[in-house]
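Can you keep this structure in mind? I'll have questions shortly.
Note that the chains are named A, B, C, D and E in the order they appear, and that numbering of residues resets to 1 at the start of each chain.
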Amino acid sequence: GCGDGGGETGEGGDGEVLTIGIANEQPYGYMDDAGNATGFAPDVAREVLSNLGYGEPEFEVVEFGNLIGGLQAQQFDMVAAGMYINEERLAQIQFSDPDYCTTESLAVPEGNPEDIVDYSTFADNSDLTIAVASGTVEVGYAEEAGVGEDQIKSFPGIDQMYQALEAGEVDAVTGTAATVNGQIAGRDGLEAVEPFFPKDVEGNETLPCGGYGFRLDDTEFRDEFNEELNKLREDGTTMEIITSYEGFEDADVELANDLTVADFEE
Amino acid sequence: MTQTTAHSEPVVEEFRPHRRWFQRPDVLTPLILTSVGFALLIGAVSVPANYRTEMDAPPGDVSFDWMFFFHMVPLMVQGVLVLAKATVLGFTVAIVLGFAMALGRRTKLRWVSWPSALVIEFIRSTPLLVQLFFWQALFRSVEGISLTPVEILTLGLGIHYATYCSEAYRAGINSVDKGQWEAATALNLGPVTKWTRVIIPQAVPNVLPALGNYLVAAFKDAPLGVAVNVHGLLFFADQVRAETFRATEPYLLAGVGFLLVSLPAAWLVRQLEKRISYERV
Amino acid sequence: MESWLLTGSQYMLLLRGALVTLQILGLAFVVGIVLSLVVGIARLSERTWIRGVALGFVEFARGISSIILLFIVAIAIPILLGVPQENLILLATLALGINMGGYGAEIIRGAIQSVPKGQAEASISLNLTSLQRLRHVILPQAMTVILPPMGNLTIEILKGTALVSLIGLTDVMQMARNIRQQQLADAVGNLPILYLNVLVLYFILAQVINLIFRLAERLMEKRYEGGPALTTEELERMRPTSAEGTVS
Amino acid sequence: MSVSETATPGQISEKGAAGVRMRDVTKAFGSNVVLRDLDLDVAPGERVVIIGPSGSGKTTILRATMTLERIDSGTIEVGGRHLYHELHGNKLRPARESHIREVRSDIGMVFQHFNLFPHMTALENIMLAPIKVHGKPREAARDAGMALLEQVGLAHAANQTPGQLSGGQKQRVAIARSLACEPKVMLFDEVTSALDPELVGEVLNVLRDIAEEGRTTMMLVTHEMGFAREMADRVLMFDGGQVIESGAPADVLGNPQHDRTKAFLGAVKAH
Amino acid sequence: MSVSETATPGQISEKGAAGVRMRDVTKAFGSNVVLRDLDLDVAPGERVVIIGPSGSGKTTILRATMTLERIDSGTIEVGGRHLYHELHGNKLRPARESHIREVRSDIGMVFQHFNLFPHMTALENIMLAPIKVHGKPREAARDAGMALLEQVGLAHAANQTPGQLSGGQKQRVAIARSLACEPKVMLFDEVTSALDPELVGEVLNVLRDIAEEGRTTMMLVTHEMGFAREMADRVLMFDGGQVIESGAPADVLGNPQHDRTKAFLGAVKAH
């Protein structure tokens, strides 16, 4: 059950139960043993919503590519998947301020046989292939770094990419450092390259920071959520929650705390 | 046939064997044409790495855009061709494997027929989608086997539809009149002659339409390949959606592309059925 | 090779997904049956245009792939029309129901045609309306012909429900993928075994459907056999109760 | 209910029987003209037996009266009301379905092949129309149904389905079923010819009983000449879709005038 | 080929006919015992007609001889060789399939419903077994086939499929087909009962022709008593799975001793 198309008002939740979409991706959002949503993004969203007086939200676990469509189609009221804020997405949905930033990394077979460093390795060697999950920012990162179209293999979900890497079908898998570290911890025979900030062809670094997604017509709710989120950013709650998950450093959260969503709008 | 000289009677006619369905041009021509089409499909279609629209749709605006719609047609055709290729390959597997399954189920050896029946029933009543995931996971967990997504879809479709084909074979064989088996025994025909000259020729006309229908059905299931990353029709639509955040045009186009293939195919199968049905009188 | 079984809590999760699967199956079945009846009967209408529309529906529903229909009905059309996709289950149900309706309509049509013409004529001569004719005379008799293929069709729809995982519903299939992510966190798990368990779960569900339809068939057969011969007094005593469910 | 503007045949008798009047009735299947400008009057309460060679249109005329087969032209009146037409002022217009249904409620028919509903017991077969069509309360319908079953001697079989009954029993249930609607005209189409010879008698007895009550008009097609002679008020000889001879049973059957009738009766006897 | 160790019935006559000898043959379908300890001897070249009421096991005994129906116990010998058993020293063991196939090549059967192969022409039907089973060259098989078709009067229909032939023609082709294997024992199971009466004659004529050539042993089940009387060497009356009367046609058919036979013949005549 959820609001009637942007009907959530600023006066707090009155125990209303919202539906939140999360991606099936460690450590941002996934499902634990008991079937409850877990990961730092759901945790933060829970905290914010309970402070606002909403009831314990319901979570829908979907593949990453279904998040924006589901939000737009009102399948859920917000997205809590650590989704990176970027221009293309801002045209479709609106974001809260970021609560974490992270570096990018690549998962490669153990020993890194192809000596992969970052996307530029692929731009230089057209024999190598790289896995991206469709709908993620990494698709754009890779293209902007000059990686050839034939080298980029699209997959519908995170798990599929790693399986392909394990099976030797691709040479590397893209992802945030946190995801990459989380995934290689659960699998054998993989390692992560040194984390890096992605660069476009001109060599400019981009800011990979993630926040919470809302429908474009849901501004009131977003503002309400954002206000509470900022309180938690200031009193260190987000820091506590996020760094309790493996793969995140204090610096990641601190960097985000200095930014607002406006910094991502040109 | 050579002219007979041994008999002097004028009544002796030239021996003209009856032209069966596989000797008739009106049945054969479409079959050969289709086969050539299939061969071209298998040989010439390559799997594209990506489906990129050159045209960006206006952001935030969800109203239907015809320009955008038509712009994607070439991409959609690519996606359909990839699926058609996987379907044809997969169905080839199904036809052969299905025959083995049908024989396995028919045999009098209980320890063969019983497990065969169970396996057929199991595969038939579980979703192809889960089967595809299963085959992918299974083959990835085996050392030294590396299958492309299209190969997995081919295999998955093949095994899934083999069970349907086996049922069609069984029905076809059972539809041959009991008297035909008895006549074959009374003429002391060996098992090979009995099957190849008496039973199978009579079963085929009953089986072909069913197989044709299953071929169409297999094509309808082929988009599921997207789950194992086959770059087919649904992958095309998904990718366009992920990149342009527009869902309406690509999915509707996928539907149109589908009907453009499956409706004529179903019609062709019905024609084939009509043509061959005359054999049954 | 590790154990063929999953852990207890993983089975609980799968069962929770199975509830969603069954919910979708049930709703789709209802939609499918209603569509089958309406379209199947419309296929036999005296009016050409009704027959034409019904035929168009059948060809469309059977010609299009159920997965693509699902994406169109559950995603493309709601977005196009601005309908809230809030209740994705209902939309998914609608797509699967349309698919089932296309095949079911042909089953119903064939079954109605299989009822001897004399039955319709007898009910006309008793002056039943065409609706009463269908309800009390034709459909009950068509039932024996309808049930077996309908059972198979229902299993096909059960298989079809697995597709809803691709549009973002948490059914058995999606639950399996969720478990997969969770297994990764625990650094355990064997993927083929996980999917094999899911397959077995579907197989069991299919067998239950099979069983239900077999039972229904058995009940129909019993109905045709009729009750035992009774004396008038016995008849008088039992009539008021036993007649209720059968004629009305 | 409107009362016919003409005399005898179309009228309703005081006792609840209705007459039948046909004028210029024509019916063809493709190029095969089965009824040809047929005129036929049956008075209320009259019992008419129709005989004639196979294919002469006997079944067709009954089916047309039961509205199972639409006629191509001409009119049929039952109980003074047009069956296929409605009167608008002085003009006849094709009837709407609701009008046909209303007039049809005066007519009952028993078929050669019984056409009982196999999924209902004998009693349920009989109760169906009174409850569903005439809105009778269930109790009343059941009592009436049991009474009818008793009348045809099958009270003990009330609870059996047609599958458990012999042909003769089936036909008796079918007769009871059509009586349950209290029709004013009853049509019987060779109701004994699908029966084994030893079962014919029981059905004819039931027909005799009904005829003795004498209320309803009856049109019977039969090959049982003895039975026809015994109970018909009038015998009609059909051939080529027309009545070629008509009269008292003793005349038509005993002393036929027409050659076709003679030939036909000769053939029936030889059989 | 081994030659039987016993005298007449099991033997092969000099002209290529074989005898049949059955001992204690029993066959049941479920609890229904169809053949009961049956003993039956047919001499080489003999023509035996089997008559009896429906369900008495006539078809079953022919089918058992053709190995279409396995017997439960007892032995059958054809041309001196055991059909269902092999001799190991002095012991009878159940036969392997290859042995059955070998003995079966002496037996031919014509069915009530023809069982022609509908996807082959008449000539192809006849040529199949000689080519595939006996390894005859195609040319020779074709000439022999044409000769047989001529013998049954159907040379002109050689290239027609069964669908284009009348029932009588089909049965004549079926007879030719089974003759093509040059069997030593021929079994005919009511070969005329599926035919329209006017077609029966042509088939019986063909049977007469074959009988006149006189080489093969024949076992015929038929209801054509005139035919039986004319061409049988011996008539066997079956009832309850046993031979209850046996003898020359004139005796059994003209002057039956057994009550069952009298009743049966009475019924057949009345029919």
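Quick notes
Definition applied: a contact is a pair of C-beta atoms (placed from the backbone, for glycine too) under 8 Å apart; a residue touches a chain by one contact, two chains touch by 3 or more.
Here is each chain with its UniProt name: B = Amino acid ABC transporter membrane protein 2 (PAAT family); D, E = Polar amino acid transport system ATP-binding protein.
Since this is a predicted model, take the numbers as computed values, not measurements.
Hopping across touching chains, the smallest step count from subunit B to subunit C is 1. Contact with both subunit A and subunit E is made by B. Here the chain at the heart of the shown protein, by mean C-alpha position, is C.
Overlaying the C-alpha trace of subunit D on that of subunit E calls for a turn of 175°, given as a multiple of 5. Our note on geometry: subunit A versus subunit B, Cα centroid distance of 42 Å, whole angstroms. For the pair subunit B and subunit D, the distance between mean C-alpha positions equals 57 Å. Of all residues in subunit B, those touching 2 or more other chains are 137, 140, 226-227, 247, listed in ascending order.
Listed for subunit E are no residues, as none touches two or more other chains.
Of all residues in subunit C, those touching 2 or more other chains are 75, 79, 191, listed in ascending order. Checking each pair of chains for touch leaves A-B, A-C, B-C, B-E, C-D. Across the interface of their complex, subunit A is touched by residues 49-50, 52, 59-60, 136-137, 140, 146, 148, 226-229, 231, 235, 238-239, 241-243, 245, 247 of subunit B.
Taken together, the subunit C residues at the contact with subunit B in this complex read 59-60, 62-69, 71-72, 75-77, 79-80, 82, 155, 158-163, 165-166, 173, 176, 190-192, 194-196, 198-199, 202-203, 206-207, 210. Contact residues on subunit B toward subunit E in their complex (touch as defined above): 2, 4, 6-7, 9, 11-13, 15-18, 20, 177, 179-180, 182-183, 185-190, 193, 197-198, 201-202, 279, 281. Partner subunit D is touched in their complex by these residues of subunit C: 116, 118-119, 121-129, 132, 136-137, 140-141, 223-232, 235, 239-240, 243, 246-248. Residues 62-64, 122, 125-131, 133-134, 137-138, 140-141, 219-224, 226-227, 233-234, 237, 247-249, 251-252, 254-255, 258-259, 262-263, 266 of subunit B touch subunit C in their complex.
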